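Input: structures, listed below.
Next, two complexes with chain A in common: one pairs it with chain B, the other with chain C.
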Partner chain A sequence: MTRLTLILSGLLVALFVTALLIGPAHISPGPSLRALIMGGEGPMTLVMREIRLPRALLGLLIGGALGLAGAAMQGYLRNPLADPGLIGVSGSAALGAVLAIQTGFATTWSLGLPMAALSGAVLGVCAVLLLAGPRGSSLSLILAGIAISALAGALTALVLNLSPNPFAANEIVFWMMGSLSDRSMTHVWIALPFILLGSALLASLSRGLDALTLGEDAAEAMGIGLRRMRLTLIFGTAAVVGASTAVAGAIGFVGLVVPHLLRPFVGARPGRLLLASTLGGAAMLLAADIVVRAILPDRDLKLGVVTALIGAPLFLHLIYRTRQDAT
Partner chain B sequence: MTLLTLRELGVTRRGRTVLQGINLRVGTGEIVGLIGPNGAGKTTLMRAALGLIPPTGHSSLAQLAPRARGRAVAWLPQAREIAWQVDVATLILLGRTPHLATGQKPNATDRAAVDRAIARMDLSAFRDRTATRLSGGEQARVLIARALAQDAPLLMADEPIAGLDLAHQIGTMKRFADLAAEGRSVIVSLHDLGLAARHCTRLVVIDKGRMVADGTPLETLTQTLVRDVFGVDALVQATPDGILFQPRDIVG
Partner chain C sequence: MLPAGVLPMSASMHASSLWIPWLVAALTAAPALADAPRRVVSMNLCTDQLAMLVAGEGQLISVSALSADPRGSAMADVAARYPLNHGRAEEIYLMQPDLVIAGTFTRRATVDMLDRLGIPVLLLEPAYTLDDIAALLIQTGKALGQEAKAESLVADFQTRLGLLNSKDAANPRAALYSANGYTSGDRTLAGEILSAAGLDNVAAEAGLADGGFLPLEVLVMAAPDTVITGVPYAGESRAEAVTDHPVIAALRDGRPGARMMDRDWVCGTPFVLQAINAMADLRHTLQDGQR
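Let's turn to the complex of A and B:
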């Protein structure tokens, strides 16, 4: 284990425990952790196990997944501006969720919204595969992703535009900002298999991503199967991003900024960046979710808003640094 | 031993035949210079032989499983891509990719191959530098070292010496000669016919997708062939010191 992995893991543990200890119910650290681990009757166990634990777990899972998918996407496209949302899966998952809210499907069945979002993600990934094909340049993948994102965005806007119900429209807008509040263990169980499967797929790309540093031709001649890599990347990203969007809404910037931020610390090696970025993404999302609850506890500040507020300036700083590097 | 066999190799793209009827056998200890004008099909020939573009006919390399092919031949494409700011030694270590099983870490053999490649390409001073911050010619040498670290019996290089300074052009051709002396072979495309005539043991001339000559430099590089294929009037002279090639003017 490298020093960076140790530092990030330590940070992650600290943030995870902090995330468990923060919330509107004021209970002191000792008893709350005891209630979490030992269980027992009473509201404290309920708060810890049914409210705070799923929230912290989702922060960990989704943040890690977004960080990993961002690192894999940037490595594959050999472009530091790539983002896991690039292949259009988050847009189409959001469209599925928006339709579920608008039609009332989300209220008739508690799993209606995440299931509709997952269906949207599946349709989105099918459309991307159909457009970009299993083999082709990275440009065709980017273009297909942009087209699907644009279409999903336009349809989402259409639903909002024609929404006869202002409450539904309000709910849609808030949902799209992304949040981890009021999630249950059910949400964790929905997202977990997809995120684990997708992460395993993305983690297997490590060596191929390293080889791609030399370009597609050289990598292929060294025995890297580009066709298989491309499919693994698309399905892996779709699984983690689809599941994340389904349970937490659209959370941007984690997959874009975290790999960029950590790249210098792994010697710019795209394979090693995968693990670092997973840990870093989880840390960033947990930190943002702590900020959400610590700064404006009673205003329901949305997580996606905070990640964008943290991410955008960081990104500007990184661009500035890259520019200095180039001169 | 035969390192590469091509039989009636051809490539058709978008209904246009860009390469046809290539028959070639490369044994050990050869430096095969692939020469021909722009667009003649040199790169296509090498990529088709590797199976990177689907060929018609037979290529012994294209039939191998991907990783086995990676151990049988090292391919150095013309485009010099280094996508990330990795250090030189790390980049050269990528050449060991086909030798590593899934999840296997590089061992002493791999590190030794990297060290040899660094020494061969005169890169010891750059070992820990960031590859993308080197000059174009230095990057080219790093990428050649990457292909050398692959330690394959056959090296295919697409214009590896373009953009190198004169000393490193000659130096690179001499490194190829070292490889040939070890019983490996090199197939190298290049435009400098003087260097080709002097350092290659064999020249294969490609023109309009066909092979028009194959033999020792002295046999192939005749005044007539240079005029017909390259449209250049040149002086070709065998001296005790090797072949002298001096282009004089374009014809017509």
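Let's turn to the complex of A and C:
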């Protein structure tokens, strides 16, 4: 275990505990943690086990998933701008999820919601890879992402506006910005298997991504199957992003910011960046979810607001640097 | 004259058998006075129901489309017999009304335009208390030249309300919980419905006298004896899904919960008696369970 892993793990534990201790109900840390672990009768156990625990667990899982997916895509495309949110994968996953919910498919089959989001995400990843090409320039990658995000966002808004439910149209902002409020253990069980499976697929790319830094020919000479890597990346990313989006909406910029910040600490080796970004992504999302609850305890400030406030300036910085490199 | 069959099913189910003769008597009262408006159009769900109760035969020529939807309207069957409007200035102008009744929350631009076109508009405040209901009936009666009918409706409403009023020393504690975690406090019509039925409102304990967003955690910590949730609309929404959260089921845990039927809760009309009746039933069930 490297020092970076240790530091990130420590940070993660601290943030996880903080996330469990913060919320609109004013209960003191000692009794609430006791209620969480020991259980027992009473409302405090319900608050801790059924409201705060699933929220913190989802922050951990989804943040980790988005960090990992960002690192894997950036490594594979060798492009620091690849983030599942920016290139439209989250948006297409949200469209899949909204379609499943509004058509009732999500209630007829317990795996309906995550499977539909996953299908949306697969279409999104494939479309981006097709449009941007295997070694696409930053420009074509971002343009493809904007087009796919816009299309998926418009269709999501259309489906929600067509819903007979008067509340549905207001939820466009949830699907585009994401939130962890009022989630339950049901949502954890929906997302968990897909995130674990997808993460395992993405983690298996570690050696291949390191080899790819030497170029595709060198990687193939080292026995890396590029076609297989590509498929693994598509389904791994779709599984983690799809499951995350299905339960928490599209949360942007985690997959952009975290790999960028951590890259210098892993000697720019994309394989090692995978684990670091998973831990870092989880820490960033937990922190963001603590911030939204600290700013507006009683209201549902969307997570995407905070992640974008951190991520968008960095995105601008990256674009600026990309332009400098080009000249 | 409207036959007794026009009453919604729930009226005969919830209320006592005295209900139907009372309403029919009210609906067959005297025709409008000579100088009263003859072509009245109502464009708000709640003013529609007040107007339908109070207006003389042929006096009311159109109500809003929302009133024909049994989900939100206690008089959907009656409303379906009227031409329906959608609250647009153009269609209402073409009906050539001599009085338009709207709510104070009806789209301002539409009301202003009707005003500019020289059509008298009566704006009715929404009811915030049970007492407001009598005032609204009287106000509508005056505007329509049906004072006597309005007064008999008020008298009957108050008699019935008096019969329902029954308070115990120890009221069960109830929480109203609708879409997005919205709750209604004591200073709202829904809050008064609860207290008239002998239930205490946990929103007051949480400092939400006017109502507002009650976080799920705060609801759980308040540990109410019963949770009364809204009835979801067709289609799905995250806003309403919060009432299906496992902690709501855990809070209820074998004790009876209840649903708020929008049609009996939303508008300040005598139909709130149905909501009070349902809540009083809930209170009895809760108290029987405790014994």
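Worth pointing out:
Here is the rule we use: the second predicted complex is superposed on the first by the 237 of 327 C-alpha atoms of A that agree within 3 Å, B and C clash if a C-alpha of one lies under 4 Å from a C-alpha of the other, contacts with A are read in each partner's own complex, and residues count from 1 in each chain.
Following the convention adopted for this analysis, a contact is a pair of C-beta atoms (placed from the backbone, for glycine too) under 8 Å apart; a residue touches a chain by one contact, two chains touch by 3 or more.
Bear in mind the structure is a predicted one, so any value in this text is a computation, not a measurement.
Of the two partner chains placed around the shared chain by superposition, chain C is the only one that A:S184 touches, whereas chain B remains out of contact.
Shared-chain residue A:M44: touches chain C; no touch with chain B.
In the superposition on chain A, contact of A:P270 is made with chain B only, not with chain C.
Between chain B and chain C, more residues of chain A are touched by C.
Of the two partner chains placed by the overlay, neither chain B nor chain C lies in contact with A:V128. In the superposition on chain A, A:A239 makes contact with neither chain B nor chain C.
In the overlay built on the shared chain, the residue A:A69 is in contact with neither chain B nor chain C. When the two complexes are overlaid on their common chain A, residue A:G225 makes contact with chain B while staying clear of chain C. Contacts of A:T213 after superposition on the shared chain: chain B is touched, whereas chain C is not. Of all residues in chain A, those touching chain C in their complex are 23-25, 27, 42-44, 46-47, 50-52, 101-102, 104, 106-107, 163-168, 170-171, 174, 182, 184-186, 297-299. Contact residues of chain A toward chain B in the complex are 78, 207, 210-215, 217-225, 263, 267-270. Of all residues in chain B, those touching chain A in their complex are 47, 50, 52, 66-70, 73-77, 79, 81-87, 90-91, 94-95, 97-98, 100, 102, 143, 146, 150.
Those residues of chain C that touch chain A in the complex are listed here as 179-181, 213, 215-218, 220-223, 232-240, 242, 245-247, 250-251.
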